[in-house]
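Each structure below appears as structure tokens.
Heads up, the next two complexes both have chain A, just with different partners, chain B and then chain C.
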Partner chain A sequence: MHIEIDEISKQFGATAALHPVSLAIPSGALVALLGPSGSGKTTLLRILGGLEYPTSGRVLFDGQDATGLTVQQRRAGFVFQSYALFRHMTVFDNIAYGLNARPRATRPQKAEIARRVTKLLDLIQLPDIGARYPSQLSGGQRQRVALARALAIEPRMLLLDEPFGALDAKVRKELRQGLRDIHDTTGLTTVFVTHDQDEAMELADLVVVMSMGKIEQIGKPQDIRARPATPFVRDFISA
Partner chain B sequence: MTFQTIDTSLGGSVEAPPGAALLRRGVAAASVVTRRYGLLVGFLVFWQIGSSFGWINPTVFPPLDKILAATWTGVAGGALLDDIAISLQRSGLAFAAAVGLGIPLGLFMGQIRAVEQALDPILQFFRQTSALALYPVFILLLGLGETSKVFVIFWATLFPILLATIGGVKEVDRKLIEMATTFGASRATIFRRVVLPASVPSIFVGLRLSATTALLLLIAAEMIGANKGLGFQVMNAQYNFQIPQMFAAILLLALLGLSANAALVTLQRRLCRWADLSH
Partner chain C sequence: MSDATFRPATEETPLARRILIGLAATGLAILVLAPLVAVFVEALRVGIGAALESLTHKDAWAAIKLTLTIAAISVPLNAIFGVAAAWFITKFDFRGKAFLITLIDLPFSVSPVVAGLCIVLTFGANSAIGAWLVGNGYPIVFAMPGIILATMFVTFPFVARELIPVMIEQGRAEEEAALTLGAGGWRVFWTVTLPNIRWALLYGVLLCNARAMGEFGAVAVVSGKIRGETATIPTTIEMLYQEYLSVAAFTLAAVLALLALVTLVLKTLLELRHADQLAATHRH
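And then the complex of A and B:
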């Protein structure tokens, strides 16, 4: 799905989290929102997902105005560092959660749910852990399960906020590749937030550098490295 | 963790003959029992011997066999059965009422911030007011009969359950609720599938605390104004200097407390298997 952000701003009381920003995300792209703490990355992502509404501006999905759509109508898959798994449900039930939560009329049959969960467990390369509880998994495995849970509803886009933030460097690297692979298999338009420039540069097709509620530069990783558009970008990526 | 234990025990039985493995397992189990109950058994043995040989005053601490004999006569002979029944009825009724009111009210209050904020000061005040201090008030209001006894126990058990339930609901991660909303879950579904299960461990903390409190208040209420019940029998036996009978009633009260706690622990294990796994 093609996403267009048109002059979006967001005000939290007196603080401006986003000054009007505009951004076009081509269908199927893997985009990184990169920037220091407080630069508005999470706010922009939450506005895309419908968890927050912009103070002004529009969001367009495939050219259609989606600004007023609710979070359910947008059908985004979320993976947030803070969105832990449900501790009282097995991995299987966690992944199936989004399907089981649907009203009876649109809920898939039990067998169909089981088939999808099994397929997703294969996709995240943890085929045998369906019966376990989250407390029996490592941090990296939990985040992979969270990814599977987001994918289970067959979302129109995937939104990730520092999905590997709490993990150690080695696991982060593995999961980066895992995310890339899953993105390439599913072809989903994917936006992920990070303040780790290596992660952004290595993983993304398109990097959006943000600072203080503004977009400093949008470009392919190699272009941003070769030609930083502003002094901020130059300093940030050489840090 | 569990898998490893299973693995090692399997490995052991392959190498050694089954008899030896069984023996080894028996010894291991025995050492666990010793570590856990050794001190208690030592204490009881000391009591029995010390009392029989007169090292400790046998009129105040009669030998255990006399206490057990008095317990057996009281239960099998039927003399104490009425008291057990009435004590169970009082504490059971009060506890059930506290659960029936405390959990639903707590779930409701925990969900709605405004209600919780408005009622919290009153709750804190009532909680700090000892139920026993209020017992005379309840007697004035409800008379010296069963109602005031059940009510004072109910009053004391209600607050731990209510506050633990409110706490459990309030502590449910807001992010989990937000995430459930992103999946399009309705309020009712979120309550049933996210909020309620996540609050269960906290609710059980309240239930176990309440069960202990129920017993405490039961004994106090029966000592103050009753002519039946185990608490009454403790006092009565003491007045009549029937010390083995007094200890028999104390023993039965302890057993009552232990079995209530064991029942709650078992139920908790079944309902929150997921919470145990992390440690």
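And then the complex of A and C:
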């Protein structure tokens, strides 16, 4: 799905988290929102997911105005920073949550839900953990379960907030490839937030560098490396 | 002392430990255990027959029924209000939040007698609302509704106070995740919020219940202590005691203490059986 961000701004009280920013994300792209904390990247991601509403500006999905759509109507698969798995549910029930939450008319049968959950567990290469609770999983396993849970709703796009932030360096490398593979398999337009420039450069097709609520530069990783548009970008990617 | 070298830095010497534990145990024995034992001893002084007989008196029986009814009505209502208040305070940002938290704590700092008087002034026959209500056949003061109001006022903070720290610690991420997965607000509450706070909620309800059954000051002012009608267990105990009916007074007191002990035992059993879940959701 093609996403267009048209002059979006966000005020929290007196502070501006986002100055009007515009950005076009082509269908099927894997995009990184890169910047230090406080740069507005997470706010932008949450606006895409419908968890925050912009103060001004519009969001368009496939050319249609989606600004007023509720979080449920957006059908965005969202992976939270610390994964936010439901701690009192098994992995199976976590992944099935979105399907069980559908209105009766469109809710799949129990057997069909089980089939889909099993398929997703295979996709994240953890076929045997359905009966476990989140507290019994490693950080990397949790991240993959959160990904499977987001994919279960057959989302129109995938939004990830610092998906590798809580992991140690070795696991982080492995899971980067995992995300890339899942993106390539599903073909979903994917936006992830990170403050790690290596991660952004290595993984994304398109990198959006942000600072102080503004977009500093949009470009392919190699172009940003070769031709940083502002002093901030030059400093940030060489850090 | 060879073992001294293995002692963790924060641990006291064995002697200091024994003195501290001894002090705590003596204090508990004098302040809590001895009076509790004395109540039961006094109740059974003339024998269990006399004690049981005093309970069969219709006023005593009416008091027990009234107290249980009051608790059965006011505790669930306060559980609902407490959950709603805690939900509002922890999951939303709004102006006047600090003021609302102070308001929830108010019953802890206001004397129950003052609370009772406030209810009498607001809903008594001398106020406009009270006169209207009495005129239409719904008296509040000197009747059950007043006792329920007084009990709810005094016990209001228990559930909310128990839930707020737990809900703050858990944050909003799980609820947000449920929303992005397509769940509506009501479904999020029943499938995510409520299961996550269930132990803290139960704990708060048990404490609230113990306090609701034992409330004296506010209820004494509001109820008028009409025997067989608006006298609860605590107010009946006081009246019996003033009339030197000590066996009856102490037997009823023992019943009240037993009800509180049942609550405590329930709480302890829950803690033993579900220690791991409690540790995950409830850290005090």
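Keep this in mind: the second predicted complex is superposed on the first by the 237 of 239 C-alpha atoms of A that agree within 3 Å, B and C clash if a C-alpha of one lies under 4 Å from a C-alpha of the other, contacts with A are read in each partner's own complex, and residues count from 1 in each chain.
FYI, a contact is a pair of C-beta atoms (placed from the backbone, for glycine too) under 8 Å apart; a residue touches a chain by one contact, two chains touch by 3 or more.
For clarity, every value in this text was computed on a predicted model and none was experimentally measured.
A.B. asks: Based on the superposition on chain A, does the combination of chain B and chain C result in a clash or a fit?
C.D. replies: On the shared chain A, the partners clash.
A.B. asks: Which partner does A:Pro54 contact after superposing on A: first (chain B), second (chain C), both, neither?
C.D. replies: neither
A.B. asks: With both complexes superposed on chain A, which partner does A:Gly213 reach: first (chain B), second (chain C), both or neither?
C.D. replies: A:Gly213: touches no partner chain.
A.B. asks: Taking the superposition as given, does A:Pro20 touch the first partner, chain B, the second, chain C, both, or neither?
C.D. replies: So A:Pro20 meets neither chain B nor chain C here.
A.B. asks: If you stack the two complexes on chain A, which partner ends up touching A:Gln136: first (chain B), second (chain C), both, or neither?
C.D. replies: A:Gln136 contacts chain B only, not chain C.
A.B. asks: Quick check on the superposed pair: does A:Gly178 touch chain B, chain C, both, or neither? Answer first, second, both or neither.
C.D. replies: In the superposition, A:Gly178 contacts neither chain B nor chain C.
A.B. asks: A:Pro221 contacts which: chain B (first), chain C (second), both, neither?
C.D. replies: In the superposition, A:Pro221 contacts neither chain B nor chain C.
A.B. asks: Which one hits chain B, of these parts of chain C: 8-16, 26-34, 80-88 or 116-124?
C.D. replies: 80-88
A.B. asks: Across the two complexes, find the residues of chain A that touch chain B and also touch chain C.
C.D. replies: The overlap between the chain B and chain C interfaces on chain A comprises residues 49, 51, 71-72, 76, 78, 80, 82, 84, 86-88, 97-98, 101-102, 135, 153.
A.B. asks: Can you tell me which positions in chain C touch chain A when the two form their complex?
C.D. replies: 173-174, 176-184, 187, 191-192, 195-196, 280
A.B. asks: Note which residues of chain A are touching chain C in the complex, please.
C.D. replies: 49-51, 71-72, 74-78, 80-82, 84-88, 97-98, 101-102, 135, 149-150, 152-153
A.B. asks: Sort out for me which residues of chain B touch chain A in the complex.
C.D. replies: 173, 175-176, 178-186, 189, 193-194, 197-198, 200, 272-275, 277-278
A.B. asks: Using the touch definition up top, name the residues of chain A that touch chain B in the complex.
C.D. replies: 49, 51, 71-72, 76, 78, 80, 82-84, 86-89, 97-98, 100-103, 133-136, 153
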